[in-house]
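Consider the two complexes below, in which chain A is the common component and chain B and chain C are the respective partners.
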Partner chain A sequence: MADDAYGVGIGWRPEISGFVAGLPGLRFAEVVAESVHAHGDLPEGLPQLLDRGVTVVPHGVRLSLGGAEPVEPERVTHLAAVAERLGAPLVSEHIAFVRAAGVEAGHLLPIPRSREAIDAVVANVARTRRELSVPIALEPIAALFDWPDNELSEADFLTEILDRTDALLLLDVANVYANARNRGEDPLELLGKLPLDRVAYVHVAGGAEHQGLYHDTHTDAVPRAVLDLVAELCARHRPPALMLERDGDYPPAGELRAELDAIAAASGYPAIT
Partner chain B sequence: MEDTWGIPGPTFLIGYVIALIAIAVIAAVNRKALFRGDRNARVDDLGPQQIAYLNGGDRLAVYSSIGGLRAAGVLGTGAGKTLVQTGPVPSGVTPLDSAIHHAAGNQARTRYLLEDQWVRAALDDLRAGLERRGLAVSRDTVKQARMWAWATGALTLIGVLRLFAGIANDKPVEFLFILIGVAVLTTIVLARTKRVATTAAITGLRQLRVQHGYLAPQQSPAYATYGAAGAAMGVALFGAASLYAMDPAFAAEAEIQRIAAGGLAGGSSGTAGSCGSSSSCSGGSSCGGGGGCGGGGGCGG
Partner chain C sequence: MTGDARGGDHPGQPGGAPESLATRQARLVDALTSGQPVPDGFDLRKVDAARVALLRKRAGEVARQWPMLAASFGERWKPSFAAWAAARPTQGSLRDGWDLARDLLSRDALPATAGEELAEREARWSYDGASAPRPRRGPAVRSAAGAVVLQIAGRVRVIRRAA
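Our next item is the complex of A and B:
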């Protein structure tokens, strides 16, 4: 694993592309798939990153794999085309739905952990994989609420989806932390039940507490507890890549570098700053 | 009927057109040489305010400094749209930063900064340094380039005298009239020559804009991440639009002129003279080409 490990990466966003370009040790980044044209110009700054040999993985947010209806074919085609353009070794998407009956939620919404929902996800992942020439990694989302009709535990739900789709896991450590904390559970317990050898890479993001609930905001600093969870995860089974996912309210470069260094320290990978 | 001044009309018109074109071409060649600058001059070690000056003159240099000071959190706006200090001047700033920060201590308004003596002195130093390096066009050089307006002005005068003589002599003067118009236009273009950056600097700026493409306002750059230097550089390379992207409320309160910036951006071309300006100079000469067009008139004559 060590040979093809990427180490610490970062979510590439146009707002911080100059900062990302200035990370000397960077080998792994993720770009929001929907922000990349399948055939037009690549976003400013991305070609230089690819030229440097940085692996850039397209991360879909609008496929709605968890929707009851089939994924929209043109969205799948786009994701596949972007993966080819970037020469990405894999793509990723969420286990969530973003639209239902034509209504766009504008958010990633959690799906009930039921057999029926698993069937829908599995069918959609199969439809998506038919067009993809690379593997897909699935990311469970942070949920502020649980559906009342959950039949399975989170670990069983995810494991079954991964088994039946042969997909990889994109584990968001901050989500694990957020869900466990908001449900009053132990995040380590979930980690212990997940197939960690299937983790393609890991998201590390910040969050904040509001009115007793922990929100996975991606616009705040990464809390110590999340970094501790990263360390625990890596002690059990270190994934090939871990990346900082920051989506707004970008802090000064020094703070971003410190977060990347903290992830490097927690995971044991070399610092990329 | 005798030829006016003993020169037949068509002969005069053709001679007039040739003279007009000749002056325009020589002026264009001359200004190209005047504005060339030092081809080996480098721009990659310049600070944001120097780059801003080359890109948009005094005003953009001031805006770039304002952008840096604002990003550093030491500049704000007060009552009556004045600038105010919101913190002590950071260490390691440029003389222009100090001067603007000082002026903000006296509640100066942005538009009057260029009249502040310390700001003025800092800008003059900044420009002189750039002139020495062959990056900025000196005022004397601009004056020299404008000298050619005297030549076309003289031609205009000759044309006008001939026009009156022709009218007095009861000769047709329509084509001459058109040519005089062309000569007047050429004179105006030449006399209003403006140029801040040398051709060498413009080439360098173009590279810097590509290199720092992530600071373009359409990328919605995270100015907090890029810091004060990044904010100042964004304004320097992409105009006052960067200030509005960074802090719209402040930019509006501080009366940062977006239109001027737009004029600079499209006309970083125009005034400051990136490619657009140089082409608008050759626009002057192509105006002479318009004289050639009058040559068509000469044909008719």
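Our next item is the complex of A and C:
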């Protein structure tokens, strides 16, 4: 993001457009890139945010940067066009794959932490950046399972990808929490090894445990442990922006406001509500 | 799916060439979306948890596109959709719901409350079951589960509601 801090933001979704429009202190939001037409009308509510000077970052979910196959050129063109339309200072996508051999998985899937997979990501990010006029931030995902043939630690894997792609990091604190919990690891250990100075912005989201596994659902409340991790991250190196990601089962406005206030309190940024 | 990208019939056999990342990713997607076996070495319980979570996520997305279809199942929507979709990779939530509704209709199992929703889409769009639906150019009358819908110049009118 830019030099100055944006503070607390939110993932814009059509279902909560009115709520987002009513946040007086909002300075940045994220929109799912695939939900925005490259040339047609913007989704209702977004133009008003842009007119207010809110920075809106397109967040891609379907590029499949971690796929062994090359990214589809029309998807890259779309992402670049949306970034220009929104006047976004950057775009973001995931270190994940979403399809293989023409079959859609329907969700972000992990890739092996191997040299071969790193090469695939690096090549796809390079193909994407050739069309983009702004930087890209890469988000490590929450995964319920790991590949059996991991060669590298998660920190080494991510650091090598960032070094070789020259990308920024979109750090999802809830993903860090979910992965550590499901692997029986300490989330602080990963935080301590990541290049926190490359964090462009941060996702914060809720989840729930089902049958012994923590699911990063984005449809449940943000757990206290995730907010504690936000506080710990900000004590070490406060990122310029943090945002709430909610993707369904939207609670009453009061609860959403309380979650935004909790992120503000944990990060030390002003409340935007 | 068949083809070279999937490698031979004996994946990972001793002495065989290591499978490419493309092949291994395709096998994993098949396990998650088409009821194929989980590739060797993965934690079966965790991959299955991901498979089930993925189906429930799809059910939620289809419910947003097809609210009446989902509502007609009540509490049984997510498990019912998951059972239907377990070996059908997603074609996007619009087509997934459409395929399910047609499938139910063909078995006389489409609830009346979902008939009007299907008839309205059938009247408005042309969908061949294999590629993205396209707006109809001419007028059309379509019926499903007792509902009859007329479309003229893009406007739809319900001629008869389902009983």
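The criterion applied here is as follows: the second predicted complex is superposed on the first by the 270 of 273 C-alpha atoms of A that agree within 3 Å, B and C clash if a C-alpha of one lies under 4 Å from a C-alpha of the other, contacts with A are read in each partner's own complex, and residues count from 1 in each chain.
Just so it is clear, a contact is a pair of C-beta atoms (placed from the backbone, for glycine too) under 8 Å apart; a residue touches a chain by one contact, two chains touch by 3 or more.
The structure presented is a predicted model; accordingly, all values stated were derived computationally and were not measured.
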Practice task
Identify the partner contact of A:44: answer first if only chain B is touched, second if only chain C is, both if each is, neither if none is.
Solution key: first
Exercise for the section: Quick one: name whichever of chain B and chain C touches more residues of chain A. Expected result: C
Practice task
Quick one: classify A:215 as touching chain B (first), chain C (second), both or neither.
Solution key: second
Exercise for the section: Quick one: classify A:120 as touching chain B (first), chain C (second), both or neither. Expected result: second
Practice task
Examine A:148 and indicate which partner it touches, taking first as chain B and second as chain C; both and neither are also allowed.
Solution key: second
Practice task
Going by the contact rule at the top, pick out the chain A residues touching chain B in the complex.
Solution key: 14-19, 21, 44-45, 250-253, 256
Exercise for the section: Spell out the part of chain A that touches chain C in their complex, as residue ranges. Expected result: 67-69, 97, 99-107, 109, 111-112, 114, 116-117, 120, 143-149, 182, 210-211, 213, 215, 248
Problem - chain A-touching residues of chain B, taken from the complex the two chains share - result: 212-216, 219-222, 224-227, 230
Exercise for the section: Quick one: which bits of chain C touch chain A in the complex? Just the residue numbers, please. Expected result: 1, 3, 5-6, 20-22, 24-26, 28-30, 32-34, 40-43, 46-47, 49-50, 53-54, 57-58, 60, 89-92
